[in-house]
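Inspection log for the structure reproduced underneath, given as structure tokens.
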Amino acid sequence: MKEVAKLTISCPDRKGLVARISDFVFRNGGNFLHFDQHTDLEAGVFLARMEWEVEGFQIPRERIADCFQGIALECGMRFDLAFSDDVPRIAIFASRMPHCLLDLLLRRQAGEFKADIALIVSNHSDVAEIAERFGIPFRHYPITPENKTQQEAAEIEELKANGIELIVLARYMQILSEAFVASFPNRIINIHHSFLPAFIGAQPYHQAFERGVKLIGATGHYVTSELDNGPIIEQEIIRVGHRDSVEDLIRKGRDLEKVVLARAVRLHLMHKVLTYGNKTVVFD
Amino acid sequence: MKEVAKLTISCPDRKGLVARISDFVFRNGGNFLHFDQHTDLEAGVFLARMEWEVEGFQIPRERIADCFQGIALECGMRFDLAFSDDVPRIAIFASRMPHCLLDLLLRRQAGEFKADIALIVSNHSDVAEIAERFGIPFRHYPITPENKTQQEAAEIEELKANGIELIVLARYMQILSEAFVASFPNRIINIHHSFLPAFIGAQPYHQAFERGVKLIGATGHYVTSELDNGPIIEQEIIRVGHRDSVEDLIRKGRDLEKVVLARAVRLHLMHKVLTYGNKTVVFD
Amino acid sequence: MKEVAKLTISCPDRKGLVARISDFVFRNGGNFLHFDQHTDLEAGVFLARMEWEVEGFQIPRERIADCFQGIALECGMRFDLAFSDDVPRIAIFASRMPHCLLDLLLRRQAGEFKADIALIVSNHSDVAEIAERFGIPFRHYPITPENKTQQEAAEIEELKANGIELIVLARYMQILSEAFVASFPNRIINIHHSFLPAFIGAQPYHQAFERGVKLIGATGHYVTSELDNGPIIEQEIIRVGHRDSVEDLIRKGRDLEKVVLARAVRLHLMHKVLTYGNKTVVFD
Amino acid sequence: MKEVAKLTISCPDRKGLVARISDFVFRNGGNFLHFDQHTDLEAGVFLARMEWEVEGFQIPRERIADCFQGIALECGMRFDLAFSDDVPRIAIFASRMPHCLLDLLLRRQAGEFKADIALIVSNHSDVAEIAERFGIPFRHYPITPENKTQQEAAEIEELKANGIELIVLARYMQILSEAFVASFPNRIINIHHSFLPAFIGAQPYHQAFERGVKLIGATGHYVTSELDNGPIIEQEIIRVGHRDSVEDLIRKGRDLEKVVLARAVRLHLMHKVLTYGNKTVVFD
């Protein structure tokens, strides 16, 4: 596999953006492997994602972002540059249920995504053993109403000290404070066990059972300060029926949760997700 | 196709219900083609649906219900007896959008379900032409806040006079009053254009677009006095993405609405849906 | 809705293709609304699709293709240029079953795709009435082993005389000859009632029933000289069970056939499908 | 959870079967929790599954089968009686890829199904470590064309000696001989990585990639002497597109394989699958 540069861009729409960007890459000897672009005409927003081979590119990789800065400033672009051999450091937060955590660890092991799982954080100690088995540092931060502010501050400090670029909430059953969320904007992915916006909040499977729905779902989304209301990355559903108890919903739902969270994390790590208002554009 | 009797039963659970029922059918020379049963242990409710061939059954079909009454009373059963050659009379309510109405008419024509579509009712006159083409009486009941009570009373009278057993709201954009709903308990099926309970009320596709969901849905349900909160019969979803405008959601959703409403109506007409609290049991 | 130009391109991969193309559009005052690109590295094939607003573009629309010819020749491109206000002429072929034909006619009426359905062709006369109701010329070409060559020649002549750009086989139950297919390369879309390559040939629902599958499907594909083996545009499935008879499979399958064929036709008409070997790239 | 008896029955259809069976249960003080029945009128086959609480049943559990034998013989029934607290002994066969094996072990650990995974068998030694971690005896049976008959004989002996009731082929990449299969009729479940009958045999993902399908699938089925042609228990699909390489198909397929195999195994262990010709009836 050759090394590939990945550039994502969002900015106000104007004429010639594709030409400007592609000209920059082409003039410097790059060749696009992928070029995806979307314009929201109503909102006047331009969004794009591209990949090109680094080999033969005339700007050294560490200077590409700087060189692109001129165009970016001129066009008011937010952009993000990454490389296929980057190994971002991520932290996984879990509580008592280990299935999503374990699933991510096994997928990482199977090479389904590229990341250094640098920390496993929990408000309980149940998953400490799993962390140990996979050789990953485990941090136990019990949370009470009294210590929450303090504990979160310590967590933020530890996450920053470890250079964590993405936090994955793998069925972490604590609501993060606004301050915590603000420290990692669009850098926290949560799995919610319902097809949002149905069944926001606690015990969505119980809610679904009570309502008698014929489908249950799971939603992978970025965490914002508003509960279960951040930009949605991925959703999936499965059929249920009258023979399914709440326990069956929970069991069936675990499969959804694992798959949906893994897809959302993978898409994020491949720089395929751009946020935009309270929505995502997923260039898959 | 031989004539078949269909019996659905719900009652408090107790020992020997299956034996009592099957003994009744067997002693009278019947042979089960289908026997479906479900017990909700928590709620203590027994639900069953069965079919047997009428030919050779020793009780004449018009007397079967009477003969079963004894067991039913003893066990506190609600039961419903129907026959495969019954042709129930139904009314379809529509407003301006004709796709669900047309779809039901074409499915009826293709023999997908058995019913006499005896009336098409609308608060607008747009679908009058469709009614005429299919040779079905059309009734125009314009609704205003002022005339609603009066118009609904007239509708109820006409529906009763026509022996209507099921009302299908095929994208009928008026909320029925509590009095109207009470006149046809579990006899009104609505199609709501979202995966309920998400996006209750008006313009669910616009709500879905705003929220940035990755799936949109449709829900076929019985109408109760609480808006979009009746027992759900069937749900289905389809994937959407950032390139889909509200118009695309509406277009994709039409396919869901047609299919989900048709399935719900067909299941009801085949006596495969039992209601139970605010839920359904679908013996499919 | 503003007028939009749609350009699709496929060619051997080489450096700078995106830059060349986007420069052409930008220099002439165009602004991309969409730009989708895919490179198959293994096969060394570059594929792209783009849209830009015609208004303000400095080359008159009738001369754009000529002006682009230089780049195309230089890079060995196959390209196709279309405009959002084009109304391509299409012919629908049907046999006895009307559901796909009717579905396309109703979708056309609802504005789901833009095309002039200029001819309805059949080897039977069953759908003549539908053609008449929608005011579309109907051509009856009965096919026997003896007259097939002659009839197809007459069909081709009539299709060419009518400027037909796309032929849709809406459950047309005749196999087209190699000569016929060669006259409309990648211009004939068929709906096959199975998830190809399972159940090629006749009576796929019966085959599916015999095999006891738990899913049935439908496939929209371009017709090539090899039966049911052309490039696949779209596929969809639905769940079936032991209670489903062959008739149930046929009934459930009709919904799939309608939806899948409509999607395939719409994608083709929007110039979102590029063929490539025996595959398609669908820029949706 | 109370102890429950599970009885599955298949036999030639005749009058009064439901009455006979339910009378047997009722007379002995049983109360049905579930009663599912299906008659294939064409084939003249009656199939049923029922559950009742053991507590209060007047026949001791070890004598129920004997007591039922009379009815069974009279009606030509094949029947199977099991209890909710049974813990059947199963063996999992794997080769090099561990994902299905690991998935089953984790689901077992999470209590998703009840079984004693008594042996892990492989033609390679890659998964020995996993077996060890979960504390399950591992048997390494390398297979060559020369030793296959001998090795299989040894395997059969070991499986029988261990009282194995179900063999699960969790991506086991060896074709079992007819003799082996005949030793465990309808007791071997395989996961095939395609939506059968498409892509029988080797490398189905490569075949799917070459064919350019838009959906890939997985099939859980009983193994018979005819390759990939045994009764299908469960199937599922996922959407793929032109950006998916063979590696992406393999990755996406792993999720299907895990889920479909787990569902098939669970349904079998809950005695919800009846075979019938080359088909299954799944009373779910």
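Every chain is named by a letter (A, B, C and D) in the order it is written, and numbering of its residues begins at 1.
The definition used in the following text is that a residue touches a chain if its C-beta (ideal position, glycine included) is under 8 Å from a C-beta of that chain, and two chains touch if they have at least 3 such contacts.
Remember, it's a predicted structure, so these values are computed and weren't measured experimentally.
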Identity of the chain that, by mean CA position, is farthest from chain C: D
Pair joined by more contacting C-beta pairs (A-D or C-D): C-D
Whole-Å separation of chain centres (CA-atom averages), chain A against chain D: 37
Averaged-CA centre spacing for the pair chain D and chain C, given as whole angstrom: 42
Contacts with 2+ other chains: residues of chain C: 34, 38, 243
For the chain D and chain A complex, residues of the former touching the latter: 34, 99, 102, 106, 110, 112, 243, 251, 254-255, 259, 284
Contact footprint of chain D on chain C as seen in their complex: 38, 195-199, 211-215, 217, 231-237, 241-243, 277-282
Chain B-facing residues of chain D, complex: 13-20, 22-23, 25-27, 29-39, 41, 48, 239
